[in-house]
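In the two assemblies presented below, subunit A is common to both, partnered first by subunit B and then by subunit C.
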Partner chain A sequence: MNLDALYTYVLNSIALLQPEVIVTIGLLGVLIIDLFTPKSMHKWSAGVFLGVMVLALISLSGQSGVQASVFFGMIAVDGYAVFFKYLFLVSAILATLITLFSDEMDRNGRRFGDYFIVMAGLVLGMMLMAGANNLLMMFISIELVSLASYILVSYLKDEKTSNEAGVKYIIYGAFSSGLMIYGISLIYGITGTLSISEINEVLKNPAVVIDPVTLTIAVLLTLGGFGYKIAAAPFHFWAPDAYEGAPTPVAAFLSVGPKAAGFAMMLRFFKTIFFGTSTPEGYQILDNIDWVSILAAVSVLTMTIGNVTALWQQNVKRMLAYSSIAHAGYILMGVILLSDSGIAAMMFYLAYYLIMNLGVFFTAMLIADKVQSFELDDWRGMGFRAPVLAIPMVIFLASLIGIPGTVGFAGKFLLFVAVLQQGSLYFWLALIAVANSVVSAFYYFKVVKMMYLKKPVENADGPISVSIPATVLVFVFAVPTIVLGLWWQPLYNWALASVRMLVG
Partner chain B sequence: MILSGLIFIPMIIALLMIVVPKEKTAVFRWGAILASVIQLALVAILVQNYDLTKAGINEAAGYQFVENYSWIKVSAGSYGILDISYTLGIDGLSLPMLILTAFVGLIGVISSFSIEKYIKGYFISYLILLSAMTGVFAALDFFLFYLFWEMMLIPMYFLIGIWGGPRREYAAIKFFLYTFIGSLLMLLVIIGLYFSYVTNPGAAPEDMIHSFNMITMMNQGNLVAGSLLSVEHWRHVAFILMFLGFAVKIPMFPFHTWLPDAHVEAPTPISVILAGVLLKMGTYGLVRVLWPIFPESVLYFAWLIALFGVINILYGALTAMGQTDLKKLIAYSSISHMGFVLLGLASLTTEGTMGAMVQMFSHGIISAMLFLVVGVIYDRAHHRDIDGFGGLAKQMPVYAGITLFAFFASLGLPGLSGFVAEALVFMGGFSQPVTQNLTIIATLGMLITAIYYLWTYQKVFTGELNPKYTGLTEINSRELTMMTALGVSILLVGIYPSSLTDLMTVSVNHLNDLVKSAGTVMVGLN
Partner chain C sequence: MESLTLNHFLTLSAILFSLGVFGVMTRRNAVVVLMGIELMLNSANINLIAFSRFNGNLDGQMLAIFVIVLAAAEAAVALAIILNMYSNLKTVNLDEVDQLKE
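Right, the complex of A and B next:
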């Protein structure tokens, strides 16, 4: 390739990464603007950040139908990646709005600028994760997201819990990164390439003999990195501590954005490397290793540990952390099926999970800001003290349980559809998920019980007033939770259309 | 549109109530009355225009007042087309249930006037519950059916949990979890059915329309060859799972334990709704979906269903005999009476099925009346201990008479609706070899029922008046109105059963024919 051709190629690649470029420029823009504005105007950086996100969304809307590989196969720009990039941008916008309502962040008294710089870095990392087609690129983007997350989790540097959360997060993160990079090095050693589609070619080649034990170990180690990002058992231990200590808007964002990115990447990894020509019935597994059983075990373990541990929790934030672990377990059901409908169900669930989980975190944050506590006991009688918050809270919790008429049900329904589409093969998995849903109903309704069935705390101040903008934002989450739960045809169509990934 | 109106008017009124300030209690009370009266009027229109010659069940053309709109339709490539529609329609099985819902719903609203706490929230929950129950009885799309089925969970949780008795928290979550696990099992079967039936069998896989329409699933010609539910043992598994989902609601022994708790803790109007309408959702589910969709499993398990029916009858009656709490006694008698429905349905004869259907209606109004009777005394004496009264007939003669009437109705006195139902069930059960012996045992249940009701009446109403209760006031006009309405209906069905059975005859016969013919054909499938 001569220099001119190279030049054109790079330019074309950059053009296809326009949304990422916008986010990068935005990152620098927030940095510069923050330097030159007086402290009284520091909330402007949020406005700039929101503007950048909207611009990126607009640019992203021009990418429908693109199927391209850029920078020599490093990054894929395909419908699958675009779908996830939409999720990341939308969740970043919503998380920013949540941040603006947070007392915690206000009390902190720091400038917002650095927060949004890191946030932009996180969004950039997630967008790269969705498209990464090369093991090295995967590792770098996952690290970018992780580093940004560490900073955000420990953002309240004057608070002990926030610092503790950050440290725990970093230690677990460093460990998982180590596992992952070791796994990647083994894979590279076996196959001689880092490009996941080339690895696929090598595995398909009957002339190459590969030791299945080494390969299994290598992939299990790599799985450690993904498992950490999506907080799947046994890599979930960081999540409750990090979520509990982190500022609530950050916890909310971590539970939807990076988690979705982790799923996006994990699925691309497995699907591209191990599954050859796709057939409607599923994907053919190339080697003799039973990935499906391994992942099914992870799925069952994750949902069960998440739900059962959540039963004991008395702190709402911690309970929501376990609940988000459990939901990762449900979503994994879609991953292991390795069928188009399974993947679509996973994407669909992640999109709907975003709405309800941001909603539940936001509402919980507003309630906690009023009573200065996430302890369940202090939420007694909230249904009568602050009905504008308690009623949406019930809606979100019902949705997390999966009561029909909510987005949570639509998501779970489509997961079950995908599972049972395989006939009786995974029937047991569906039954375990059912049992888990029932368990989850118990602890989610513990919150409802506290809010409605218990008398308010003795020295409570009576009714709580909630500002109009906060109420509006709560309903921005609550109304779609019901409306989209009854009308999910467009999103499901979109997810189905975005299933096909770029291979090669 | 009339069915949609019937379903959604309570909900619309409930949504309007949200903006009304909570101090305006009259608005909520009379708003709920308005919703119920409109429902009753719409049901009257349905009955007026109902064509008695149409059967329904598995014939789409046999349904009346049909509404059908496409709701969600997604083409999933080689998996075919996912088709969910908003389909409503009624036949002879659903019409009596709609009458019951609207009627008992109105009684419940009137009875709710005694609620003093958080009136706004109460009536909003109540009306949403009413919408959900009505929806279950009119839905013909399984997805829609499931939506309504689950929609009642949350309002019911609040109604028991906020307005209930001392152990309300426990009762509310128990009710919630029992129902929830049952309905999730049902959901799995619904999805299995959805994969196994298509509206256009024989089409290429990608053109197959997988529909949630119940009628599609009732016609075995629509079964996709090689699909999950074309395998006999999986059909039996599916039948059992879905049966469990309904059994929790009926409630069938051993899944009944939520019922005594829920009944005892719930406020009177909610007990009325619970026993009057909610339990019928379970048995309605059996005849609406399970019997026509899995006819061969019904034939296969008929003896088992009858056995559980008889266990319900005897267990419920014997446990009722041991109760000291009047409300708990009636709760267990509900379990006993719902056993007759199972026995009747298992017999698969015209008499048996008709008896079961009449029992559903009759138990609905009788148990509503019984719970009101308990409510009256509880409001005045603030306890329900059977041994704690005595001689009340002297103090409250009218009330004593009404109670006697309700007790007699429940124990199956000829001339009242309970007798018609139980006699039909016995006739049906006895005529079939499968259920014959069990039916003979079941007659014991009637005897035990008579014993515990008469004992209870004796303890509470006869003898010397307990001096503690000389100040009790006689039943008031609001209570009397409700009792009279229910009593007249019980008497009407008892003396002139055709007023009810005529609505159902064609459908019931069609259902039995369908189960017997399709079930026999399908045995040995695969």
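Right, the complex of A and C next:
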């Protein structure tokens, strides 16, 4: 490749990464604007950040139907990545709005600038994760997301719980990335390349003899990094502590954004590396290692641990952390299915999970800001003290259980249908998932019971007033939870159309 | 004299990796735990560079450079968080940091 051709190639690559470039410029923009604004106007950085996210969304809308590999196969820009990039940008916008209503962040008294710089870095990392087509890019982008998350979790510098959450998070996170990079180094050693499609070529080649034990160990170590990002067992231990100690808007964002990014990258990794030729009917899987059974075991373990441990939680935030672990278990079912419908169901579930989980965290945050506590006991009688928050809360919890008529039901329904379509082999998996959903109803309804069937605490102040903008935002989450639950076909069709990944 | 083979490097890195994991599992001082993690990352670097040499391409060396950068970034953030924890809780012992529990 001569210099002119190289120049044109790089320019074309940059053009295809326009949304990422906008986010990067936004990161620097927030930094510079924050330097020159007086402290009284520090909330403006939120406005700048929102503007950047909207610009990136507009730029992203020009990328439908693009199938390209940029920067020498490092990053893929395909329908699959674009779908997830929409998800990340929307979740970042909603998380920013949640942040603006948080008492916790206000009380802290620090400038918002730092927060949104790190947040922009996080969004950039997630967008790269969705497209990463090379183990080098995968490792860098997952680390970018992790580093930004560590900072956000321990953002409340003076709160002891936030400190503790940050320390626990970074030690688990750094340990998992140590495992992951060791696994990547072994995969590189076995196959001699870092590009995941070239690894696939090597594995497909019958002339190359590969020791299955080494490959299994290498993939299991790499799985450590993915498992940590999506909070799957046995790498879930950080999640309850990190979510409970983190500022609530951060916990809400971590439970949807980076988790979706982890799933996006994990699926691309497994699907590109371990599949033979793919046809519309299904995929032919390479039989080097039995990763389907491994991931099925992880999925069952994750959802069971999440749901069972959530049963005896007395702290709502911690309970929601375990609930998000359990949901990662459900979503993992979509990863192990060897079908387009399984992948589409997974993408669909992640999109719907975004709405209901951000909603439940936001409502819980508003209630907790009023009663100064996430303890379930202090929430007694909330249904009578603050009906405008309690009713949406019930909607979100019903959706998390998967009651018909909500987005949670649509997501679980499509996931279970995709599982059962794969034949009786996966029947037991669907059965365990349904049993888990039933168990989850107990702890979700414990919150409803406290809010509606118990008398308010004796020294309670009576009715709680909620500001109009906060109420509006609660309903911005609550209305789609119902409406999209009944009218889910368009999003599912979009997910189905976005399944095709770029190979090569 | 016997020359160095790939196996020598792999053995060295496996030993370093195990020492790193052992350090993370057994030590309770947050800073020492971080040192264990650095050992794990560097053992992967040895792997990458050795494989790069014996595979005959430069991908591994390229990744190793990025791993070094990321290890530095991670250490910076981790030490800042641990320092902040020390000023709030007056300890760097992970067993004594236990406010968040079931």
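One rule holds for everything that comes next: the second predicted complex is superposed on the first by the 501 of 504 C-alpha atoms of A that agree within 3 Å, B and C clash if a C-alpha of one lies under 4 Å from a C-alpha of the other, contacts with A are read in each partner's own complex, and residues count from 1 in each chain.
Following the convention adopted for this analysis, a contact is a pair of C-beta atoms (placed from the backbone, for glycine too) under 8 Å apart; a residue touches a chain by one contact, two chains touch by 3 or more.
Since this is a predicted model, take the numbers as computed values, not measurements.
*Asks:* Which partner does A:Ile140 reach: the first (subunit B), the second (subunit C), both, or neither?
*Replies:* After superposing on A, A:Ile140 lies in contact with subunit C but is clear of subunit B.
*Asks:* Is A:Gly423 contacted by the first partner subunit B, the second partner subunit C, both or neither?
*Replies:* first
*Asks:* Between subunit B (first) and subunit C (second), which does A:Ala398 come into contact with in this model arrangement: first, second, both, or neither?
*Replies:* It touches subunit B, and subunit C stays clear.
*Asks:* Regarding the shared-chain residue A:Gly189, is it in contact with subunit B (first), subunit C (second), both, or neither?
*Replies:* A:Gly189 contacts subunit C only, not subunit B.
*Asks:* What is the contact status of A:Ala441 with respect to subunit B (first) and subunit C (second): first, second, both, or neither?
*Replies:* Only subunit B is touched by A:Ala441; subunit C is not.
*Asks:* Tell me the contact category for A:Thr161 with respect to subunit B and subunit C: first, second, both or neither.
*Replies:* second
*Asks:* Looking at the overlay, what does A:Leu179 touch: subunit B (first), subunit C (second), both, or neither?
*Replies:* In the superposition, A:Leu179 touches subunit C alone.
*Asks:* Check whether A:Asp106 is in contact with subunit B, with subunit C, with both or with neither, and answer first, second, both or neither.
*Replies:* It touches nothing on subunit B or subunit C.
*Asks:* In the superposed view, which residues of subunit A touch subunit B and also subunit C?
*Replies:* The answer is that subunit A has no such residue.
*Asks:* Over in the complex, which subunit A residues touch subunit C? Could you list them?
*Replies:* Listed in rising order, the residues of subunit A that touch subunit C are 135-136, 139-140, 143, 147, 150-151, 154, 157-158, 160-161, 163-168, 170-171, 174-175, 177-179, 181-182, 184-186, 188-189, 192-194, 240-241, 244-245, 309, 312-313, 318.
*Asks:* For the complex, which residues does subunit C have touching subunit A?
*Replies:* 10, 13, 17, 20, 24, 30, 33-34, 37, 40-41, 43-45, 47-48, 50-51, 55-57, 59-60, 62-63, 66-67, 70, 73-74, 77-78, 81-82, 84-85, 88-89, 94, 97-100, 102
*Asks:* Mind pulling up the subunit B residues that touch subunit A in the complex?
*Replies:* Against subunit A, the touching part of subunit B is residues 72-74, 76-79, 82, 118, 146-147, 149-151, 153-154, 157-158, 161-162, 168-169, 172-173, 176-177, 180-181, 184-185, 187-188, 191-192, 194-195, 227-228, 234.
*Asks:* Sort out for me which residues of subunit A touch subunit B in the complex.
*Replies:* For this pair, the touching residues of subunit A are 280, 340-341, 344, 384, 394, 398, 401, 403-405, 409, 413, 416-417, 420-421, 423-424, 427, 430-431, 434-435, 437-438, 441-442, 445, 448-449, 452-453, 487-489, 492-493, 496.
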